[in-house]
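Just so it is clear, A, B, C and D label the chains in written order, and each chain counts residues from 1 on its own.
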Amino acid sequence: MAVSETTGPASSDVVIKICGAAGDGSIAAGQILNLAAAGMGYHVMNFDSFPAEIRGFGKSVAHSRISVERVLTPGTMGDCLVALDDPHSITELASLRGNGIVIYDSRPADYHEEDQAVAGWLQPGMIGYGVPLRDLSAEATKGAKSRNIVALGVVSWLFGLDADGFRWAIGKRFGGKSETVRETNIAAFNLGWECAARELDKADPIDFGNVALARVENVSIVSGNEAAAQGCIDAGLRLYAGYPITPATKIMEVLGRKLPATGGVVVQTEDEISAIGHVVGGGFAGKRCATATSGPGLCLMVECINLGVMAEVPAVIIDCQRGGPSTGLPTKTEQSDLNIAIFGASGESPRPVLAPTNVEECYALVLKAFEVAEAFQTPVIVLFDFFLSSRMEDVVWSREAADRFGVYEDFLATPTPEPYARYAITETGVSPRAYPGMPELVHPITGLEHDEHGLPNYSGPVHTRMQRKRQRKLETLLARWPAPEVVGPEGDLEVGIVSWGSTVGAAKNAIKRLSESGMRAGGIFPRLMWPLAGDALREFSARCGMLLVAETNSSGQYAALVEQATHRDVLRVCEAAAMPLPTAAIEAAALKVHG
Amino acid sequence: MAQDPTTLGGTLNAEIVADISAVQQSGLLDYRSEELPTWCPGCGYYGITQALMQALADLHIENRNLAVVSGIGCAGRMPFFVNGYGFHAIHGRALPVAQGVKIAKPELTVLVVGGDGDGLGIGGGHLPHAVRRNVDLTYVLFDNGIYGLTKGQSSPTTPTGQVTGSHPYGNPDRPLDAVTLGLAYRASFMARGYAGKPHELYPIMKQALEHRGFSFVVAITPCVTFDKVNITYDRLRESWVPIPDDHDTSDLGAAMRLALSDKLYYGVFFREDRPTFNDNVEDTSGKARE
Amino acid sequence: MAGEHYVVIGNGPAGNEAADVLRSGAPDARVTIVSDEFFPFYYRHRLRDYIVGGCDEADLVVRTPDHYRENDVRLRLGQKVTRIDPATETIFLAHMEKIRYTRLLVCCGGTPRVPEVHYAYRQHLSVMGTLRHARVLRQKMPDLRRVVICGGDMISFRVATTLATVGKEVVFLIDEDAFWPLELTGEVREEFSRALGRKGVEVRQEDALTGVDATGHDRYIARTRGGGAIDCDLVGAFFGFVPAIEFLRGSGLDIERGLLVNERLQTSRQGVYAAGDCAEIYRPDLRNYWVSIGWPNAQHLGALAARNMLGETVDAGGPAESVFEVEGIRVNTSWWREF
Amino acid sequence: MPERVISTHPADIDYVRRNIPCQWGCPARTNIPAYIDAICHGAPTASYAVNRRSNLLPGVLGRICSRPCEEFCRHGDVDLGEPVSICWLKRAAADRAGPDHARAEYRLPATGKRVAVVGGGPSGLAVAHSLALFGHGVTILEMMPRLGGMLLYGIPRFRLPDPVIAQEAGDVIAIGVEVKTGFTLGVDATAADLLSQYDAVVLAAGCYDPYRLDVPGEDLPGVYSGLDFMMRVNRGDLPEVGDLVIVIGGGFTAMDCARTTRRLGASRVEIDIRETEEDLVVSREEVLEAKREGIRLVSLVAATELLGDTHVTGIRFARTRLRTDSLTGMKIAHSIPDSEFDRPVDTVITAIGQRPSFGPSGSGLPRTPTFDPETGESDVPGLYAAGDYRRAASTVIQAIGSGSEVAERVDEFLTGARRRRKVVTIEPWRDTRRERAWDFAEKTEMPALPVDERLASRDVEVETGYGDEAAAEESRRCYLCNLKYEIKVSDCIYCRWCIDLCPRECIHLVAELAQAPDLRVSKTGRWNRVSAVVIDSDRCIRCGVCLRICPTQCISVKLVNLVDEVDMPEGPFISYPLGLEGGADGR
């Protein structure tokens, strides 16, 4: 079976899509599959898509890639489709390989009309495995709701993925539930496995050999959001304030569970305005505080972030971007909040903006964001997106990993009294900071323009001075922040690709493929989005015959910044198609331009 | 065959025959859109919708003059399921948007729907002012004590101690009571009903729609997906008591005492006729022309 | 003939020939082939070589799926028909999908027969009709030492000799029904026995299977009427084929053993035709119902049925193509007769 | 809804026809769901009694019934697997019933009227039993030395053991019926004689006159009629049987004869039929059992001549072709010209049916009476016919069903009033909690003796009956179609929770309801057309999930029973199914 983008034994790199209507449990099954596979020692990447409705009729696809090697992208084409419902799965067949596998329910409750059954759409070459998912589910759990677990039993048998590993994962997944729930789900799994072993003629080559690699039961299969929460905790977060919004809510939920044990507090506020208010207030009080939201919430937060910039209060804001504008596409990914993150404010409001490129960096950069916020006394916005927030990867926590993005402790100067100037003008722009509770250093802060002592002052020279001071902090940061990651051969490049955030995985894959086809291709991937790494971009640009900017939005928000910085036209490979920008799109764009 | 459920028989069947034709003749189907609601099966919102549509049908409100405004949340989906002009606006801002609609085009019947998070959380600040202006809206608050659409976090009306996604160790906050709030703000029509008893909810809805001024209906409803413990059909079924017949709906103090009592009363707590915002607009413009 | 939907059940020689004729005769019509096998159209007669490793699966393929794409024939592989309803012109698939047709051709061939007297132990009997069966046998092949074969249809001779050729011990139980359904003279029967013996097959005359006990994984004791108890690794049952038309029972079609059709290969229900090994037609020359078997016959009948489906009137009469050569011995037979 | 409603509304009777198909399919209207439920709940005696009320001979029928009910069982609907083994469950109840089961739940006061019933077979027993309950004096006049008729003489012992017949016929006599054996109509007395001695006469003398093939050679030695053959075997007067036997005909008698000849030593036995196996009236199990015993079935052949000089040596057959009769839809076999062929044979048994042997000579009446085949009434006042005698040979259960009906007419003739009728009782019922998993339970096969043990003895019963576990398991498969789950439309909020949780998609959103001729509803997926949520009784498995989950508690269960209502002097007696009113069953 021809498989996905990375090399590796074809029989042990598989993209499994579990598709159903929302409520069919495709996502839950995907989670168990990931955990099971990771526990067996494989690498997994998972990216689900599900509708805003809890139940109802939207399509919901758990997308897992399981491989013996580390995975860069989830892959677009599936090797195996587990069809928990027919109408949605039929549409999903388009993203299944020509020799892909379909596991379907051979005994639904009623007949499908012609062409309404996924099994009827299998193309010659595809392999269909009909299993009475519904009946077996009913046998195990007295209902149709465990079809997903039955299907996992089939997957386990079919691909030689250790059944005990699945049982372990099911046990963990339903760990909080009653013994009966665990047992009946394991029974459902067993029935699926046994039925497959009894009834199916295996006709596909995927085989993990039923041999787990070294078992890694302490592996964390986490989403970007979970990694972010861990980053917050490891950074010493004291106050989290938030308001539920897809796809950021999970961060609050994880912190709600874990933060109290560390002495931190989670406040669920009545709205996002209040949430950022809490955060800025807490920052003013000298504590590490954070919030997470998505585009619509960020809109509400802008005025308070602006306040934080003006009053020089540390704060960490994670923006899990989703499709917009307005309420938009709550469950679809997009990288379209870059402009609001950098520029959204009244007046000129400079603040750092970071963007991790994979789940591990979600952890590292969130952790680092607290240090930057505190060192430079400013709100820091970290740009996630739905794809990063919800996709899962196997991650091992490492504090050292965060430090590859710099260390900023030396900016934490101790303030001295007599006379204390909260906003003293310095070379770095950073003024020694005091906060409530410190004796002899009392001062006001304000969203009004102010002088060095924090007193309102609208004079031209003061405003100029203070604007420059605030801007200078970012220049200091830029100078200190490590140079952006550059990949590819040294010297001149035929194609250079600039990308950021979650699109970097696809960009790297594209470079790899282009290089394999003989092209000199390379890339530059900044994590610090603002202040813009202009010198590095210019230097890279100078080496490139063609400069591409790849991002998941429709106007090319970062491309515009790159154009400004490099004084050249770039090729925008950008598309907001309710899914991550695929490798193939970048590759095709490069090939098209280059012939 | 399966296509033809046969519920036959003279004695056995008389009821269903009569009931189906009653539904068809009631006119309530005219207020439904073609799309089936996407709420979870079993959701109390269906009961509220049923009562609401019965009331709309009874009052023969023309579809073209019906505006349904909502914010974000499960209840926010309502405009998609109603055959009328719907505005699925943004989170918490249904009331400001709806006020704009009504003020700009007073001949519309403006129905505002939203959940407890939308109305008492993010949009809580708008409520007193909509009440204060007495814009002639009917505001139905679908109160299920949970954030359903984002999959089960605490809302402003989640009972204290309830374990939710955002409060894994139990919700520490005291829940708001929408009725007490509405009375404190002095909504010119304040009522409460229960989704599981559409027959009792329907006359309340009808009165609310008929009322001139801001009518505030709190509809208590279970979320069958994310709250299987507190606000459930089984628990609510037992605890409902009608407001006593001798209650004087013009007595705000008495209404407040009912609202504060331990019993879960349904019915109209308070109503008064006072000039609506649009009345005042006319008044003001009259004055200005003088 | 836009709007027409010709559905062919069966992906063998008859079905493929019919689909070709239908495609060229009605360029605008939909043509669908439904087959319960996943594997594309393959040469069945090569299966006996396949089981002993004489050829591979790729060598079995007659047509690849591309052929159907180019020909605009919808090929539904691995989809089993569970019943048909001529009244509503609908076929029902095992994965529970309904398909409506305007004309239907049934040419789904046969399935190995196990006589009712062997029902008590049929789970221990191996049969061979399709690639699926052949795959199982091929897999078992390395572990086979001794094989008992009962029945005695035409395939049994081929399989028995093939197995003997690759060095397996083969015991062939022959009783009075052994050559069923062939009606052979005593001499021809003797000739067969001698032919088997020459290839190294142990022939036990006038003995029949009465029971099979499983003694371990793929280990059996075959009990015979003559009191024999033969230790073996496989008991093969070769009692010929019955038309695989169980799914048509209750559909109102006339079924004897096969689907009864008239000279135009039309069944007793409007719009439903049959061809190949599952169609049974009365032959005045033989004074009997008859099934014409074999690859060329199937193709011929498939094409005839298709032409009738397209509105022509073509008679399938004419002399029965019924002479076959097995192990150099010529026999004249129908696939199966009464049983 | 009040506790229990008793309805005679034709639409309610029609409800039973459509929704309790097994009960309606039974000519005796046996309350099948009720008796299966009783077995399921461990009350075999109650189950037996419910059976006996309608079909009188549960032990007999549990073995040899033609099972018209199973044909209608919803479990046998397309894609639902096999019907429930209603018949074998009946036997399970009979095998376990206590000896003290009720023999007469009601008995009307003596009328002083006397009725003669000619024939002690199943229909005669049924007539006599009902008339005795009505308070009339009944005498059975039987030709043979023992009661049972065709049961005793026409069916082989290996299918129906003698003691079962003796026991159940005895139970009928036990309620006070007089029996005279050795009575032959037209010999010992004519119908006219009987009419003068009794207030009414019911002829239930069965069909003993076999149809003939009407082909040359039919009277050759070695050719038997099927019924004669069976009667001789059952009387112990064993006919001579050669090695090569051909039975012509495809009914139960043909199967019985063929299987009997195997037990009498024939080695090659064939059943030759004009049509195909598809079209046989006998059950597929019966055919399979015959085949397991080594019998072959040859179809599409018609015998045109029996060959031989002093003894039959062969049969000349013609091939046949099926044609579907355009009016009746029945398949009819026509011989194909010039298709004849010959087959050697040692013994031929023709079993193509029988007719009543009562001719004009036996009546003693001025002219031959004519009988209405539907009602059994004749143009002679007081003279009735029942069972096979009334309407040609048919099944035991039809004979019993017709016996009860005729008895009601005789009673009406004697008393001037209809005193027993079918009514429908409807009442609220409780949650059933059937499990979806039970749907997947395969039909439990009837345990049977191995073939060599069967053939070793002529009379040993082949089927050995369900064990306790098998009976319980099989009874659980019943959908309990007598329970109607229903949604009260006016209380429904259309939340679709029931639809979501329903394990078999039997609940639908429906738009319309057309009143006539049937109450049909049409499904819809359009919200603005949904006027009700309706449970499809055809597919409902009575799991009760909807009942328990409904937010507005608008789902109810009703128990519907088709029962007899009898006008007792002290008020109407309703033959409410035993076992349902609590007590023994522990339901």
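In this section, a residue touches a chain if its C-beta (ideal position, glycine included) is under 8 Å from a C-beta of that chain, and two chains touch if they have at least 3 such contacts.
Just so it is clear, the model here is predicted, and its values are computed rather than measured.
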>> Treat touching chains as neighbours: how many steps, at the fewest, connect chain B to chain C?
In response: 2
> Between chain A and chain C, which partner chains are common?
Replying inline: D
>> Tell me the chain pair with the top count of C-beta pairs in contact.
In response: B-D
>> What's the distance between the Cα centroids of chain A and chain B, rounded to whole Å?
In response: 38
>> Using mean CA coordinates as chain centres, what's the gap between chain A and chain D in Å?
In response: 70
> Where the CA atoms of chain B average out and where those of chain D average out, how many Å apart are those spots?
Replying inline: 60
>> Counting only Cα atoms for the centres, state how far chain C is from chain D in Å.
In response: 40
> What parts of chain C, by residue number, touch at least two of the other chains?
Replying inline: 92, 96
>> Among all residues of chain B, which ones touch two or more of the remaining chains?
In response: 2, 36-37, 39, 41
> On chain D, where are the residues touching two or more other chains?
Replying inline: 79, 501
>> According to the definition already given, which pairs of chains are in contact?
In response: A-B, A-C, A-D, B-D, C-D
> Any idea which chain A residues touch chain C in the complex?
Replying inline: 104, 106-108, 110-117, 119-120, 122-125, 127-128, 130, 201, 203
> In the complex of these two chains, what residues of chain B are touching chain A?
Replying inline: 2, 36-41, 72, 74, 77, 88, 90-92, 117, 120-124, 147-151, 153-154, 156, 165-169, 225
>> Quick check on the complex: what are the chain A residues that touch chain D?
In response: 109-111, 135, 138-139, 142-144
> Across the complex, what residues on chain B touch chain D?
Replying inline: 1-13, 15-17, 19-24, 29-30, 32-37, 39, 41-44, 46-47, 49-50, 81, 83, 195-199, 222, 224, 233, 237
> Can you list the residues on chain C that touch chain D in the complex?
Replying inline: 82-83, 92, 96, 115-117, 119-120, 249, 254-256, 260, 268, 282, 284, 287-289, 338-339
